[in-house]
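These are the structures in question, set out in turn.
Both complexes shown next keep chain A, but they swap its partner, so chain B is in the first and chain C is in the second.
Let's turn to the complex of A and B:
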């Protein structure tokens, strides 16, 4: 079936089509029938009597009978063996500026190959990518892109890194892990953009093969996580601490949602926790919320709220605090914590000036934490 | 329909002759069970009156079945077609009846022969060409979903013809949880013992506005280690449950499961920490009666 026919049929069935087609690499276009779901045995699960299993990948610990899928929608118990259905089956493959992830202290101005499959182990009411994250793999268009091809495409497109992103990469752990090994062989970096809702064993294994992790800290309250994320805060904080202790570079994003997680006291608690638990050098991005998915009743975050959040975090002693999703805002730039000069100028995803030389401020020589080459 | 003080009628019909051999159902016995069940449920003396006390002439009826677990633990095809034929005999048009579930593959695996023509009773899945999920995202209480176009756009009234089973997460899967097969993201409804999600999904406009009747296949009941088929804990029960109150129907199903578990020396679902709490939630939400004192149970053997 040609791609056009597949799309027509898929549209007819009401299926949601991944819109992020990899136009930059024509050899990825679907030439035959849409690839079937994968049936690669999953890692991190235990077999129980009577063909039941328990998944140990994330704190949800889904206990599943035969023919049932986990909360993520992409891992299925078939006859007592647990399978990932999305190994080598991304629904979204794209070239992105690394600033879009966002990583601000990791190879600025470079391009990443972004890869995602369907599915997520959370259900955030404000999800920006719900049309792939909240769907099952058979409900979206998938590509056939095995791990070695991820590396090939990244190299071909001169990417500095492959980013496992958009949905929740933890749920395609096996694919991400094996891709990361292939990508490393080509001296290309691996980035993970995650909500951090993962168990420690798989996380520690993952940290052996990736170079940077951006964690979405969605609030600093268990109530918020329960009601708006369908997860828990505590394991996410553990993830952040574990990443901070590893060799991987860490950045944190906090999406500020009006009335729900924007109280100055909560921002202050967050900043204090970051400083005390993982260090004042860790970049924190306060990003602007846009009405989306199940939270269309709230307005976009006022810029003044983001500015206040940044001010509070700086007051608390964090050194690199950014305002996100407000192109052209002063808070997009990096300032030297010693001399105060602008050392990376940004406009949206574009780098306007880069005054870090060999990891130090060009003006005063103060070291700037990050991965710069 | 919202329930307040009044009691709910549930009819349990059993037929010892319905399963004359392994995997076989006697069609005459099926017909008798539906005939008696509908008449007792509605208090009407003939099929036509019984049918039109529940449905209006010209209405399009969806019969939502559960075919997740293959031939052994899915709604039996003979029952689904038997119900459809009985409704036709009662005066509904065959072309206005759709027997459906989420996937054609699962329907076939459960023994259904797909029928998609314009004439006669139709049988197909939401994933059929040109069907799919309606693109409107409906957020209701905790979760948002796309709903099957069959339920949302192609039928006026819905019958939940589920199969009664133990469920490792919810405790019980029966008529209410059957609607998990109507949304694109059922995996998101399985947290915390599926509670409050079974009740919330049932309360969502596409379900609540169309659900008219629960008929629960209790011919063979998986009373432990469900919802997959496990012959060791599967029992011939030869029953069908009928009710206009989905909560009360499920409550009676739960009691059957507990009875079979007790007979087999198994702990109760409550003792296993799997009590189907969604029923209490549903009752609190006004979706039906889960309290035995508010359920009028009529049992009969045909």
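Let's turn to the complex of A and C:
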């Protein structure tokens, strides 16, 4: 097939993937009509009389009648059995630097295979992937990428990890879980980029198969979660605590949105909570908001606000606090908490120097928490 | 019923003529300001403009229609009271609009969908233009039922308002102060001419409303935008400019949409550097928009480059510069920067070829006005002034990780339009897509771009060796390329501005309402179903009227409905033609609108003064209207002399004014409903706006629509010939 014609066909199904593109895509059946939605039985639900079910995946606990879908739009009750419609049907597959997720203490400078399906169990007014998160799977262009192929593509593209990301990966739990098992077989890591709005049982099961979790803590107030995210803060905090207790690596991102969650007091509360509940070693990223989706008319976060947030968190005793989305900023670098030297120099997604040897500061030998190899 | 009769005394005649004159003056002034405030409050895209205008016409028409049956007993005092009530409602309505986000439960800065915009436009127009529609009938009753005379005086008032508001008030006063002045003048004139028994109340109300408009403007804006820190708001000729300060960062917004934030190196860098590295030396660059946001400063990083920055609104730039830090101002004062205030399209038409790069950094093509910079004709004009191998670039919002079918259609349409003009087109993926076009090879290889930047000694934060490999990963570039590679989409042209329609679909998809589905439905319809079927139905509908032995009175209103549709569509089309040919020139666009109203006044005046049987002249006037449409159609595909659009609109206005009076007089011989013709005129315009501006013009273009208008008017002519000459009422 000619390259151009190939790409055209690929566009029809929504996938063009890989640095060695033609080889990569030849593995997948791209030409022809888009694949149908999957009908794989979902996990974490209870059957009720009259073909009703209750979904136990996330705190919404959707109670659904026959032919109804959960809030996430990707799980449907068909005749009293609950199905996931996006198993093996991602709509977005990309290669990203791990720093973009961001993970700063997990295999720096490596590449991840990012996988996402349509749907989300939240509705953030500032979502940067609203075209997939706020749509149902039949409204987007999906392609056929079963779990074993996720692992194959990650290996072929020399990825250090597969990241389940962009939308809320909890809603494609079964696909993520099974992919993670396949990916592990190839000795590749699994990363979850989540808002943390999940119940404890599925979370604990997931933590058995993934290596790192980045939680988006969107604010430190229930009001914010209720109004701008359509969720709740409490379960997210529980998620963070559970991840911190597990063997998976944890990082936290706090997207600072002007006027909405940028008050110094709220930042201080967040930092205190992180220190007291999960530990001062957990990296916290204060990221710059760029006008997106329904908040397109808000200004971006001033860099000075991010600097203030970082200062407050350091004051509160957190050891690894970063400024996100501001390439070249001093706050992108990792400093040794003992000797204060720059031990990882970053410029955007690029690692400029890496002075951690066997998990310790090259200069003073102080252990630096993270996954470095 | 008390009737104001014009007497031999000039003073009395003036007094009797003043209230209908004021009606036109107020209606037009209020409409202009409503559109300006509405677009500053809601997202100013073409569909929303259409909603406001359509809602305005709808309620005006309904007010006139319903009042005709109920207003037989009236007096000047009643009219004075209604005028006063309208002014109070006006202030309430504008206050309601200003705090709309709070009432809708939206954040300041949160985008608003079409449904709330439609709801708001319907509600505000109901508050203000419904009673104004009622006033038309009340005025007619006070003039002994002579609605033609009211129509003439009303259009005369509208002409004065059009000229006065655009040339005197808007350039010198804020929207609210302007409204205060309009309400003060019209309120006092109403009291003086109508002489109510207790004048104190309307006078007090007028002064109060005028005072509130003037005094509350700044304070209410600051309050409405809280918690954002609004430090300055200026109403310029082109819209509302607002400056927000968040910590040390300055954001400049035009009509509620951020134009730029400073500092924001990401936007400025991507606007400039992808294009700048394409050729070994870029000596002469033209930058349309974006100069104050940092793009000019980025170009200055290349030591040999001189840049001409074209900005439309001098007040916006001057206001923004007052708040920007010294380094931003310094860039624009650099001797290598030439800042010109002009319409970019107009500037390019006159420019001498030889530019190494032309860059467009404008808001999204969501309106016909901005869409002019994304059309085939514009790209051809750019190509004319580019030096050999010169590079053109433009930036549009996109999505980083997934291109939806709606976004893909917009982007692919743009790509196709560019590809028809330039042999090489490349697109940079990301949350904004940078399109590059040239007739010589282009490269978006990250190593090539990074190498070139380093050779030139240019240091960037976002467009550099560190960031580019992720953004320009082959996975992402090839994915975007595959999405853009479509040849089944219509080309975005000046007179078929389909780009803004596709953009509107993508925009509407953000809101979980029915809007996007409705727009997608129209986009998928064959031309005949939307354009030809209604014409056929219209012709079939007229058959029973034509076949009847005696004319029903409503038959005489058919030409008025047709003129309502035709006049508004011609008005919109001619403005679009003018903007494409001569640029967005505030004064001349205002003059165009004023001339249409003047034409209406002149035409209706001639008809009123005519002693002959106006009904007999209807076919000739209708035929002239068709001739004018044919003339406009023939002017679409050739260079236009600048006087022609002015002539078109004046003649269209004059023919419509004459035809209205002729048809209305004939109608009134058989029916006592002074508001019916006016209502039908407005309702016809309502359909014209709703269907033409929102759907037909962008999807099928001005030429196709003009041809259908000719057919519509031909059907109407045939109907006039059959019904009006051979039968009696």
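Everything below uses one rule, namely that the second predicted complex is superposed on the first by the 344 of 373 C-alpha atoms of A that agree within 3 Å, B and C clash if a C-alpha of one lies under 4 Å from a C-alpha of the other, contacts with A are read in each partner's own complex, and residues count from 1 in each chain.
Quick note on the criterion: contacts are C-beta pairs under 8 Å (C-beta built on N, C-alpha and C of every residue); 3 or more make two chains touch, one makes a residue touch a chain.
Predicted, not measured: the structure shown is a model, and the values here were computed from it.
Which of chain B and chain C touches more residues of chain A: that partner is C. Using the contact criterion defined above for the overlaid structures, shared-chain residue A:350 touches chain C, although it does not reach chain B.
After overlaying the two complexes on the shared chain, residue contacts for A:294 are found with chain B and with chain C alike. When the two complexes are overlaid on their common chain A, residue A:92 makes contact with chain C while staying clear of chain B.
Legend: residue contacts after superposition of the two complexes on their common chain; A:54 is shown touching neither chain B nor chain C.
In the superposition on chain A, A:63 makes contact with chain B only, not with chain C.
In the superposed pair of complexes, A:73 makes contact with chain B only, with no contact to chain C.
When the shared chain is aligned, chain B and chain C each come close enough to touch A:134. Put simply, chain A uses residues 14-15, 125, 130, 134-135, 293-294 to touch chain B in one complex and chain C in the other. By the touch criterion stated above, chain B contacts chain A in their complex at residues 68-70, 127-135, 137, 139, 143-144, 146, 149, 167-169, 184-185, 187-188, 190-191, 225-230.
Across the complex, chain C meets chain A through its residues 107-111, 227-228, 244, 246-249, 251, 253, 256-258, 261, 263-264, 266, 399-405, 407-408, 431, 461-462, 464-467, 469-470, 473-476, 478-479, 481-483, 485, 509-510, 512. Interface residues of chain A, counted against chain B in their complex, comprise 9, 12-15, 50-52, 60, 62-73, 123, 125, 130, 134-136, 138-139, 230, 293-294. Interface of chain A with chain C (complex): residues 4, 7-8, 10-11, 14-19, 21, 91-92, 94-97, 100, 114, 116, 125, 128-132, 134-135, 140-141, 166, 228, 258-260, 290-305, 327-328, 347-350.
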